[in-house]
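Below is a structure I'd like to ask you about.
Here the chain labels run A, B, C, D and E in written order, and each chain numbers its own residues starting at 1.
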Amino acid sequence: MNSEKELILNIKDLKVEYRTEDGVVKAVNGLDLEIEKGKTHGLVGETGAGKTTTALSVLDLIQSPPGVIVDGIIELEGKNIRGLKDKEMEKIRGNDVSMIFQDPMTSLNPVMTIEDQIAEVIEYHESGGYKEAIKKTHEMLTLVGLPPKRGKEYPHQFSGGMKQRVVIAMALACRPKLLIADEPTTALDVTIQAQVLTLMKNLRNQYDTSMLMITHDLGIIAEICDKVSVIYAGRIIEHGNLVDIFDNTRHPYTEGLFNSLPNLKDRKAKLKPIKGLMPDPTDLPTGCPFHPRCDYAMDICSKAYPEKQYRNDQHFVECHLYNDDNIEKGGLIKRG
Amino acid sequence: MWKYIFRRFISLIPVIIGVTFIVFLIMNMAPGDPVKSILGEQASPEAIEELREELGLNDNVLIQYKNYFLGLLRGDMGTSYKTKVGVAEEIGARLPTTAKLAVIAILIAIILSIPLGILAAVKQNTWLDSLTMFIALLGVSIPVFWLGLMLLLFFSLKLGWFPVSGASTWQSFILPGVTLGFLSMAAIARVTRSSMLEVIRQDYIRTARSKGVPYKRIITKHALRNALIPTITVAGLQIGTLLGGSVLTETVFGLPGIGRLMIQSIQGRDIPMVLGCIIVFTVAFSIVNLIVDIIYAFVDPRIKNQYS
Amino acid sequence: MDKPLIQVKGLKKYFKTPHGMLHAVDNIDFEISKGRTLGLVGESGCGKSTTGRTILRLLEPTDGNIFFEGEDLASFNKSQMEEKRKDLQIIFQDPFSSLNPRKTISQTIMEPMIIHKLYKTKAEMMEKVLEIMEIVGLAERLVNTYPHELDGGRRQRIGVARALSLNPKFIVCDEPVSALDVSIQAQILNLMKDLQKELGLTYLFITHDLSVVNHFSDEIAVMYLGKIVEKATSEELFNNPCHPYTIALLSAIPVPDIHYKSNRIILKGEITSPIEPKKVCRFANRCEYATERCHSEEPELIEISEGHQVACWMDVVEKNAKK
Amino acid sequence: MTDNRNPVDALKIKKKYKKQNQLKEIWHRLKKNKTSVLGLVIIGFIIILSIASGFIYDYDKDIISQNISERLQFPSIEHPFGTDELGRDIMARIIYGSRTSLSIGFITVVLALIVGGMLGAVSGFYGGYVDNIIMRAMDIFLAIPGTLFAITIVAALGTSTINLMIALSISSIPRFARIVRSSVMTVRDVEFVEAARAIGANNFRIITQHVIPNSLAPVIVQTTLSVATIILTIAGLSFLGLGVSAPQPEWGAMLSSARTYMREYSYMTLFPGLAIMVTILSLNLLGDGLRDALDPRLK
Amino acid sequence: IGCSNSGKEESSSAQPAGSESSSGEKAASDNVKAGPAIDKDTVVIATADETPSLSATGHNAVAGDYVNQLMYNGLFRLDNNLNPIPELVKEYTIEEDANGEKSIWVMTLKEGVKFHDGSVLTSDDVIATLLDAKTKPEVRTYTTSVVDVEKVNDLTFKIYTDGASSALLYDLSHHGNMIRPKALIDAGNDFNTNPIGTGAYKFVEWTRGEELKFTANEEYFDPNRAPKIKNIVWKIIPEGSSRTIALESGEIDYIIELDSTSLDSLKANPDVSVLEVPSVSHNWLTVNNEKEPFDNLDVRKALCSAINRADVITVALNGAGIPAGGQTPEGLLGFSPEGFDNYDLEAAKAHMAAWGGDPSTIKLDIICSNDTKRRAGEVIQANLKEIGIEANLSSMDLATYLSETAAGNFTGFIGGYTTNDMVSFLKGVYHSENINASNKTRTNNPEIDELIGKASKAVDQEERRLILEEASKILNQEAYQMPLYQNYIISAHKANLDNTFITAGGSFRVQEWSWK
């Protein structure tokens, strides 16, 4: 692929810690992430892998204390935005980068009308005042399929799916360059989830927005993402495009994720879950953090952290199983 | 909404019946005799007997209560044993003072405590937090009369800014208001702090931040209104406490309020007056609660439709 | 099929609300044979949990019968029911709120034994606790830990262990894995399946995740607004869904396969209010095939093939053909 | 799956893993909050002092014996807090008085908590008309001034510290009933209560084993704060001549009898006032810390 | 003037005699003009208690007596030495009845006395007033001496007493018998809201709980005693320290009840003058003479001599009082110290020994209903310990105390009695007919009852004195109770308020005041 890809977001060697009284939670440990302009980038991983932390670091919204970004570079369109002053950061938030949170039930202010909440972003980032902002709000509401006259209502009068639409309208109101969606449909019902996903897909295409889609649902990835990064214990352990990840799975962890899913076609097949649990983030295992759960673990795995091993110019894994020779062939059992 | 308000008042009726009846019984069971209190140390046996007869105290307690209650139904709260003045009239004369005192006190408390609470929450775990909470705590632990007299000594005697006693001008209410308000300040500041802390951890605050809203605006516009609900509850409860707990303040500042009247009446076993005061307190308390509930509805749209 | 272990007939559960009667469960029938699993799927708020709880009389049924081994649970009095609970258990969705945070694992697992006086001595009970912990895969060293010290997966195992401690015959599983990560979810599902095989358990498996229910259940009932709209064996339902709602539901599953081409049916709008529903097809508002009849008459469940029932006014066979 | 462990071993295993119990853990969390540790230390100090005061002082000689010729002396080395109107050492009386003040405060609150807590628990757990009746009754009690109870009970049963405690308890009952009720109501609908019912637990067991232990945290906090309120209330009652009987030292009574001397001999109010203030302050600090420590969600 | 309320003080003889206008020695001190500008038309008086009623017959409270004195006049009033002198009456004679007893009092009113409503005072008003007062339980104690009244002409009337009566003139000085217009009495006027009398001040307004306002009666009948200050504001400030602060800040001009603790600092304040007068209020530790062992004279005498009265005064009153010198109040006609058991520990121990019982078995519960009494109680408790008695203090609120003590449900309590006349004192405190009421020792001594009867018929002062002294001596010997002190009446006012004076009975005459 073209090495001069245009990046909207480039995270390099991000390290984030939560310094709690029970110890230091190493939530993100040297994470690299490149998101290309106009592409939808999926980030999958189990609970506690550091997905939300990564997303919040981009907007500098990590709860502090206890959270601290220890190291790393976060470039937005080539410009480092890490450590910007609050004032400058406020200009970026909601304008260049906006975010949709997991739970629509709690991410709207219960005592403000929804149109005021949407108009607020517009007011802060665009000149034109309140009237103008409301006008634009109504356009946004129509766009996400809500009648503008319901803008005067409060969040509790809306159902979950409608609230998530409001949140989407809010996130897209200023036509951000990058939209970060942190598990936007996890809290929703299957049918509503399908509605919202379809809506997001359409809007993304319409606005040509780049997107970071955080999820633990590989089905969603398959459906709307271009690129996928698999995160484990605060690091990207496998990265590639959909074909790389879905059809040429290399990392045992990624493989485990697939094997844990019930197979729609063969309902009798026994599930093959990854054994064990996510490691304690205050006390990560040495070497590859996945090795205690890995069926293929070797001596080296507990000693050294594996280097990135590229299968092609973008698909890489961090796993000792692979070297230049066997990476192309692959070595894992095929999933049923 | 009106139906709701109406229902609330209807539910007050059993409480008033219960309260008056129990107080009636208590006052009758309690040692101490209104007649001897009125006639004092020099009372002669004949005078005592005559006055008992005159006040109807020789009747059976239940008959006395029945008479009282029938009067109450007619809107007659009875006549004070001691002053022979109608209870309603006497209370009516003092109610404005107590009401003004309570309102001013609660206003002062709110004006002082909400900023303190916010400050403490925003600066959580810093010395500012500790300091503000310490000031707030002083409020509950300083004896009322001590604070009252100190204020009098300083502001009235030394500076001559406020009158020492009386209730004729608005200035008369400032020092008592501060004294009493200081008491409630602690409670209100503390809830404000903790509910503010709770609110600023909420997801929608993070949402607001992700929209690029400056932090100060987030506190004032997004967080405060959400944090206000528990604050209002406590402030409402405090008004109740203030209404009743104002005795010492009223005494120190010579304010002719109901708190003092009630204590005097209890001490003098002036049963109709005690009952009158308690009815007024009960009604006032539930009106305050009702107002609090209505304010809720304005602050929080989620609550509004519960009243429909 | 064997004789049904549990048989629900005309079950109704209404809730009183300020706005009127909420028909959470409205006249449903089903039966589950011993050792089998019935999956109950549907959108949020359609009455799945209410069904589960009413069967166990955690909620008092408004109407209907619940036959368990031939006895009608609905007619039991309080103490009879308390006695009967030995045989009927439930596993909850939320491993956080379903465990008393102030009881250790062993206390939680032992409590049912104490209540039903299953064993004479504390030591015997403790022995049993350890045995169950081993069965559900909880390490011995965790006996005295509190739930908040554990992760969701282990907590859910406690929930399973608690349900097992009385050797029940029937377990209602109310979304036991929805709150868990995929890999943990798979671990728990495997565990439950193994237990079923070993102990001959019968499950009512409530979920909104169709891929899970497909994997786990022998039969599936699809619920919509308090009614069962379609019921069939899992294979039949996935291969030959008939009710428009079932079809939409199946099409909405995101499939983790980039070669899968979905022809997704997006349902318009959202579930309507279950308060005082009209006597019409409750899905009609969102149904693209809805006819006038759907808006005026309520369809009954009819059997269209062996064990496959649908409640829909459309010509079912025709629809089948279309599929 | 069934290795044959014998029952005795099972218990041994349980013992083996007996590690921190919950109290220890609460203590552990409490320890992290510096201000509440300060509160705890002060309260502990006061309690130790009050226990020790029985050994330090001779009640007849140091606490109640009068020395009119040394009355109303300002603080000095001999009398660090000065002397009162009867020439008694104020410091000794304050230290000794902590016994009465604290025990009235704590016992009263515990009494009120038991009765009010039971009513509140029943009311919150059952809801419906039971709740309605209990809460209306509590409203009635709430409307009756505490002074009235105090006068009636003290007058009817005689002046004694115990009767004073009964009177104060009665007037605190409604408050506790309310707190416990609202706390119980939040716990009542949590799933583990339903789980308990599902395993066949009866209401009594559910209330005592599941509901009450989990609704206790806000109640405990309120309890520490109420102790403070009660101590101040005794001072208030002393003004009405209903406090603790003289010559027994008690802070509220000392404070109120010093009121007459406030302007000229301000130290007489200052020291009992300070004693009350420090106690209340540290109870509050402790209460705040406890609230956090008792919440298992906040690790 | 007898008024209820235990807190009143009492005292001994040393009263400045002399005419009423020559009072106010204390005010003589300073000429430095002080404080904020004085409104010469107004004087602001502060008091702790509010009158229950403005009606002269509607209460028996000190606070009410003060205001009644402003608005009404009696037929008689008490002079500075607490002797009755004519007020509305110009002259009177006493006639003998059929039995030869001096029981017919023929009195003539002053002419041209006008009520506040403009009507002129006549005999009819007197008759209506005295007969009306007899129907009012609140003032019953002071209306019994009048048996009947009869009109002679517009200004002359006859009062019939039950035989000779020494109490009549005292009773006629009491506020309950102050003269009100017949027309209003007949019309059922509410004197609480519309108090019409002949007094030096007219009622203007009453803000309940806060203040009363009065204005001078321009048509006052006695030009020599016409009010000099036009307006009176009568404020209720319940808290003692607040009253003092208000005086210091200049907000008020006169404090009726001054806290004894403020005495020293106010005395040192050049802007303020302090009035201190020993009162006739007699305060004691009362024991229930019907209960063992207090029915034993030795025990009572032991208690009486065990009490260190000087210490009690120091502690309870901050020194503002004099030790009681007998079972009757010093300063009233008929007082005698003879045979009284003064503080003497040895004597006390001897009495105790004479009794022969074990002092530690004595159960004495001393009821104290306020702070002053509690302080006194604490000293007494320590005193009694010296003779081996472990007394208990118990606090009760005033109402409980009043009814429990009247009913005899006590072993001991601290109380007092205030009256301006020895006969009414003896009657109230020791007469057997007042058992279950004001006779709380429950003394039932026929000899005393007889002496009281005799004294109340002795119109001749000297004869009366002798009878009363005899009674006093008997009482001293019987030691029915343990007298403690007669407290000072303390008032304070701005130094430039002139002509202030208080009697041992606690009354003061606002109409005589003037600004310097």
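Note that a contact is a pair of C-beta atoms (placed from the backbone, for glycine too) under 8 Å apart; a residue touches a chain by one contact, two chains touch by 3 or more.
Here is each chain with its UniProt name: A, C = ABC transporter ATP-binding protein; B = Nickel import system permease protein NikB; D = ABC transporter permease.
What you are looking at is a predicted structure, and each value in this text was computed from that prediction instead of being measured.
Touch-path distance (fewest steps) from chain D (ABC transporter permease) to chain E is 1.
Across the structure, the highest number of inter-chain C-beta contacts is found for B-E.
At the far end from chain D (ABC transporter permease), in terms of centres built from Cα atoms, lies A. Mean C-alpha positions place chain C and chain E at a centre distance of 88 Å.
Here the spacing of chain A and chain D (ABC transporter permease), counted between their Cα centres, is 51 Å.
Work out the mean CA point of chain B and of chain E, and you get 39 Å between them. Averaging Cα coordinates per chain places chain A and chain C 32 Å apart.
For chain B, residues that reach two or more other chains under the stated contact definition are 30-32, 145, 149, 153, 267. Partner chain B is touched in their complex by these residues of chain A: 59, 61, 63, 86-87, 90-95, 98-99, 101, 103, 106-112, 120-121, 124-125, 154, 156, 167, 170. Those residues of chain D (ABC transporter permease) lying in contact with chain B across their complex are 35, 136-137, 139-140, 143-145, 147-149, 151-152, 155-156, 228-229, 232, 235-236, 239-240, 255, 259, 262-263, 269, 273, 276-277, 280-281, 284-285. The touching residues of chain B, counted against chain D (ABC transporter permease) in their complex, run 11, 14-15, 18-19, 22-23, 26-27, 29-32, 130, 134, 137-138, 140-143, 145-146, 149, 153, 244, 247-248, 262-263, 266-267, 274, 278, 281-282, 285. Across the complex, chain C meets chain A through its residues 43-44, 151-154, 181-187, 189-190, 208-212, 214-216, 234-235, 238, 248-249, 251-258, 260, 262, 264, 266-267, 270. Within the complex formed with chain E, the chain B residues making contact are 30-34, 36-48, 50-51, 54, 82-85, 90, 93-94, 97, 145, 149, 152-153, 156-157, 160, 163-168, 251-257, 260-261, 267-269.
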